[in-house]
Structures are given as C-alpha cells and as structure tokens.
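Consider the two complexes below, in which chain A is the common component and chain B and chain C are the respective partners.
Up next is the complex of A and B:
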C-alpha cells in the first residue's frame, strides 16, 4: 500500500497523461474489471473542467478555429500547463504563446493576438475597482502645472497592439452570423481595454492615443507622454482626447511626477 | 425555512431585476477571489436582498499537502465581507505539489487520511473563526485499502473536528449506485444533528464495458429517485436548508426556481410536522 502522499502524487500526475497507469497504482484500486474506466473519468474531468475554463476565456479563438480544433488544443494545453492557482479566474495566461508554438496554426498568424486581447479582456473584468477621476481634482490645479502631472489609468487598463486588423477580427466575431470579410493587409490595430464600471470596454485607438496611454501607464507625466505620442502620430490631438476620456473612467487619479 | 439555489453569472441580472422569492443563494467563493469587478459587485448587490452561503471547492481538505494560507486568507476575506449563513467544503482533495486539478478527487478512507482531514478542517475553522460543513463527494472509484465506509469517515471527521455535514443526496445516490453500496445503510449512519445543509442536483449515466457509471455533472434537473430520497430524508431529519445545485448547462432562472419551489413544499410540510418556524 502506497503512503497517502505517494498515492495522491501518483494519482494526480497520471491525470496529465493518457498513458496506461502503472501496475502499482492500479493495484491500489478496487477492481471489478472496470477500474481503468473509472480512473479515466477523473482524467476526463481534469481535461474537460479546465478546458471549459479555457473555452470561457477564449470564445473568439474557439469560434475562429472551430469547437473540435479548440478542444484538442485545450487538451494539450491543460496537460502541459495545468492550473497554477486555486481559482480558475485567470487560467490560460500562457495560451497566446502556446498558440504561437503550434506549427499547424501558422496560417492564422493573428490568432495569438486575438488570444492576447481575450486574456486582457478577462484581466480587466476581474481587475481592482477604482474611483473615476473627479472634475474637482483637476479643477484645483492650474492649467500651467497640469501637464507636469501624471495620470493614473484605471487598474483594469490593457493596451494591446497587433500587426493585423485585430479589432475588426475580434468585433466581427462577437455576434452570430457575421459574414464580414476582413483583409489581413488592412493594417495594424491598437486596442485599449478598460473597465471603469461593470462593463468592459474594448476600444480601437489611433497610434498617438495608444502611445500616450502606454506612457502614462509606465508613469510618464502628461507632457512627456504627449510629446512621445506626437512623435509617432503628428495628428494626435490632446484636447480632443481629453474631451472624450479625461473623466469617462479611463483614469482614476492625478499623480505628481 | 426556505430552499436556495446556486447563483450563476447568467442569472445576476434576472435576480437583481425580478427579485424572485427564494430562500438564499449559494456561490463558490473561488469565483469571487478576483481583485474586483462585476462578480463581486453583483454579489454585493444581491447580498443586500438575500442570505448567501459559500460552498468552497479549493481548500483541498483531504490533501497530504499543507493548506494554502493565501487561499484561506481570501476565503476569510469573503466570509467577513459577505457574512454567509453557511460555509462548506468537500470531502476530497484537488492539488499536486505545484498545480491544481480543480476536480474533487477521491480519498482512501484510512485512519491516516482521517487524521489529515481533521487537522485541515480544524485549521480552516480556526482561520475562519466559524464552523464549516463537510460535503459527501460523488466518487467513481474505490481504494482497495480503505479501512472504513465513506459515511463512517464523514461522521468521524465531523465528530473530531466539530464540523457539521452537508448531505448531498445526489452524491449519496451517485456513489451508492457506482459502488453498489446500500443507500439506506449510508443515510441511516448520518446523525440528524450533524446535517446543516442538503444539496440536490442532477447527474448523468454513462455506459461502461460492464454496467453503468453515474456522473455528478450538476448539469440537469434533480431526478425522481433523488427527490424521493430527499423526501424520506426530510421525514427523518426534519427540515434542513436545501439547495438546488447547478454548475453546468445552466437553464433559465425560472427552471431552478421551479425546483426550489418543490423543495420548499417538502420543507414547509416538515416544518409544520416538526413545529419549526417557517
């Protein structure tokens, strides 16, 4: 008879393989001739429960490659990267790079980016709550000094860029029956995901906005972030951007730099 | 005393908008261990109108490995925030050295496993500063060297730790069918004073090369056999808070509500018999 620790370790290690279980584990089980089938229920549960969590996280990837292909990739992924935490809320963080490593998927080069977007969406969904930047917080600062402050983006913010028209690909797959044709040559895409309240917002933004928000996220002042944004996108208009987004929940606080 | 149902994300909106007449809602605390966001926001909103119970799936009470202090801390945080009427966990284990199966794996019912489970239940109750209930599992295999029956193991766990029991009647039915155990013997071994909650759920039947196996997938309505067992149990135990459990193949909320009304009727009849305040 195996010790409790050896029995449990052998049992759970075997959930990750499809190899026949070794004799010494099977000897631990009461066998009426169906012990292997009974053990395989646990193997199947392990793959299906965690694979379902992955399918919930990556509905667009699943839709793009089909249920069957997704299920076989999920089986591989679950065995290779089983959950490392007690909750499944963010299970699947390595799925985008896992997809990149699958040679058969090289004809869908945008797929890992779709997965990055979907992972960012779920991270935003479960991210910390934060209060929205208040008008009086900004009003108390003189116009000259305002740009020397930093702006703290909402903790749910994720910035994702792609060489492919990622936003169009993602958006076309959010509703059933969309037959839209998207040319992969239609240029790069930059996406900002943010959840100011209960709803996750997925916005496609211009290059200037993207750089501006990324720089603010790393702690730059408004002035520095704006200058860098302008270098990459001379059309970036800070006044227009602020009129839409300064108080809409994109930001939660001013920060002295 | 009223029946409750599992609270699923699909039903946040209908519950908030329609405020259905239902006793309480049960959630898996592991689904509310994110930093923030809609799940916690909705649960807070729903908690204003209904009692909540926490049914944990991540403690891994039966593991040979130590409990995870971070997980316990997160569980305590939810207990403090939502003030649940009941906190429960399964008689099972679920993790390896550095990874988690997220399944409820079966225990070998031996004295050393019992000591480990009792030690872990003590630690959980100490950390949460409250009594918990331990649920009987659905199992698909048995270990050759088990030294006692599952029901004896459960009752002994409760006696030594001071925990109560969550009697899942569907699980009793599933395990007894799967292992050819005597259902009457199982149920009659459970002392009424230990049972703090009852679970009812559906299961599926899968063919094996010899015979069939019943799988506890919480994906369908409670079956007739389980309803019958439930009515008999309530006759014996008296009224016990009862939950309609559903974790997959989630139907419209009305369907779960319908099942909870059936349980309510059984409980109401028992309350009048036992002269318990409804």
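Up next is the complex of A and C:
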C-alpha cells in the first residue's frame, strides 16, 4: 500500500504523460470497473482545460500560428509547466521562453515577444489599483528640487522592447480581418503597458520615453532618469512627455530619492 | 611640480567643476520648466488626454474578464470533446496571420 502522498504524486506525474496508467496505481483507486476510463477523462480535461486557459492568456499568439499549432504547443506546455497556483489568472508565465525553445518556431522569431506583450497586458489588467499623482502633491514642491525626487509609476506598468515591429504585429491582430502586411525589417519597437483606470493602455513609445520610464521604475531620480534618456535619445522632450503623462495616471506618487 | 603646472591643473579642475555645475543646472532647469509647464496645463479628461498625444498612440483593448473556474470543480467532461493529441511526437502546422508578416533579416536573434 502506497502512502497517500506517494499515490498523489504518482497520479500527478501520470497526468503529465501520455502513458497508460500502471496496473498497480489503478488498483489503488476505487475499482468499479471504470477506473481507467475515468482516469483518461480526468487527464484529458487537465490538459485541455489548462490549454484553454493558456489560449485565453495568449489570443494573439494563437491567431498568429493558428488554432491547431496553438493546441499542440499548449498540450506540450501544460505537461511541461502545469499550473503551480490554485488560480489560472496568470497561468502561462513561462510560455514566452517556452516558445523560444521550440526549433520549429525559429522562423517566427518575434513570437516570444508577442507572448511577453500579452502576458504583460494581463498582468497589468490584474495589477493593484493606485491613485493618480495629484497636482497638489507636485505643486507643493519647489520646482528647483524636483530633480532630487523620483516618480512612482503605476503598479500596472510593464516596459517591453523588441527587435521587431512588435506593436504593429500586435495591433494588426486585435481587430478582425486586418489585411495589413507587416515587414519584419521595419525596425524595433518599444511598448509601455499601463492601466491608470479600468482600461489597459498599450502605448508604443520612443526610445527616450522607454528609458526614462524604465529608470524611474527601478528607482532612479527624475534627474538621473532624464539624463540617461537624453543620452539614449537626444530628441527626448521631457516637457512634451510630462504635458501628456505626468497627471494621466502613468504615475501615482512622488518619491524622495 | 612647478608652479605653472600646478596652475594648469587647478584651471583644468575648475573647468571640470564648472561643466559639471552647468550640466547639473541645465538638467534642473529643464526638469523644473517641464513640470511647471505640466502643472500650468488645464486638467484634461482621460479621453482628451489620450487623443492629444502627437508622438504616441494609445490603444485600449478590452479583454473579457477572467476567472479561475476554467479547470475547477464542475467542469466534468467539458474538455473531453477536444481530444488531447499525442504528447511528444507532433507536427507543428503553422496556419495563422503570421503569413502577413514578411521579411526578416533579423531572423537569428
């Protein structure tokens, strides 16, 4: 007689294979003559329903490669990386690197980046709410001392960059029947995902904006972040950026550095 | 060290300090004026704010709310109509909108 934990482990391991269950495991289960059938139904549901959750997380990847290929990949992924938490809200965090490891997908080198974007989108969707940076909070500080402060981005913010025209690829697949042809050689793309209110915004930004936000996110002061952004992209215009985004929910607080 | 060299070093140091100070002052001035300008702008509503960006496009795409009941209890045989294919031996037939993405001199990332 196996211990309960051994039995459970053997059962879980079997869910991740295509092998028929061994006789001795079946004998441990309630024997009403249908144990094998019922095991197969359970295993099938485990693979298919977790694959459905993955498809909900990655609708653009699914659309890019088609339902059949996505299902094959999902079956493999669920076996390799079964859910590790009780909820499936953020299931599939390792899918981008999994896609990278599939040799058959090497001619679609942008696919892992699309997956990163979709995962970031859903993380932003479920991120904590935060208040919008208040004008009063900023107005209470003398303008000369701003450089010593940092800006706290909204907790939903994700910065994703790609060597490929990621934003165009993603945007063309958000609507039905887009016939747009995209050239993979049309350059890199930098995307900032943020959810200031209830709706997730996916913004394509310039290199300077991208560096500025990334640095602020890692805790840099406004001055350090701005200097780095300017070094990367001499066209970065802080006044234009702040006029659009200082009070639109991109940031939630000032932070003393 | 002779007196002349000392003076030269002192002058060089002074220039470096001044450059540092100038850069620092310039940065401070840019940041201060950018924030002052943003404060001076009339508050925009969300919709106006999204439409007014000349350098950036904002896309809000709504996704159906997710819940965790997909593979929870009560799903019974819902998935059994979709057959789980072979685990390892599989052929990847890619048939999707990726056909619309052409070129790729960057293919080896």
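Annotations
In this text, the second predicted complex is superposed on the first by the 244 of 257 C-alpha atoms of A that agree within 3 Å, B and C clash if a C-alpha of one lies under 4 Å from a C-alpha of the other, contacts with A are read in each partner's own complex, and residues count from 1 in each chain.
In this section, contacts are C-beta pairs under 8 Å (C-beta built on N, C-alpha and C of every residue); 3 or more make two chains touch, one makes a residue touch a chain.
Remember, it's a predicted structure, so these values are computed and weren't measured experimentally.
In the overlay built on the shared chain, the residue A:50 is in contact with chain B and with chain C. By the document's definition of touching, neither partner reaches A:97: not chain B, not chain C. In the superposed model, A:37 makes contact with chain B only, not with chain C. Contacts of A:231 after superposition: neither chain B nor chain C is touched. In the superposed model, A:71 lies in contact with chain C only, and not with chain B. Using the contact criterion defined above for the overlaid structures, shared-chain residue A:201 touches chain C, although it does not reach chain B. When the two complexes are overlaid on their common chain A, residue A:63 makes contact with chain C while staying clear of chain B. Set against each other, chain B and chain C touch different numbers of residues in chain A, with C touching more. Residues 41, 45-46, 49-50, 52-53, 83, 86-89, 125 of chain A lie at the contact with chain B in one complex and at the contact with chain C in the other.
Contacts from chain C toward chain A in the complex involve residues 27-28, 30-39, 41, 43-44, 46, 49-50, 52-64, 66-68, 70-71, 75-80, 82-88, 90-98, 100-109.
Contact residues on chain B toward chain A in their complex (touch as defined above): 30-31, 33-42, 58, 63-65, 68, 70-71, 93, 95-103, 105-106, 108, 110, 112-113, 116, 140-145, 178, 206, 208-211, 213, 215, 248. Against chain B, in their complex, chain A makes its touches with residues 1, 4-5, 7-9, 11-13, 15, 27-35, 37-39, 41-42, 45-46, 49-50, 52-53, 82-90, 124-130, 155-156, 195, 198.
Residue ranges on chain A touching chain C, taken from their complex, read 17-18, 41, 43-50, 52-53, 56, 62-66, 68-69, 71-73, 75-76, 79, 83, 86-89, 102, 104-111, 121-122, 125, 135, 138-139, 143-144, 146-147, 163-164, 169, 171-174, 178-186, 196-197, 199-206, 209, 222-223, 226-227, 238-244, 246-249.
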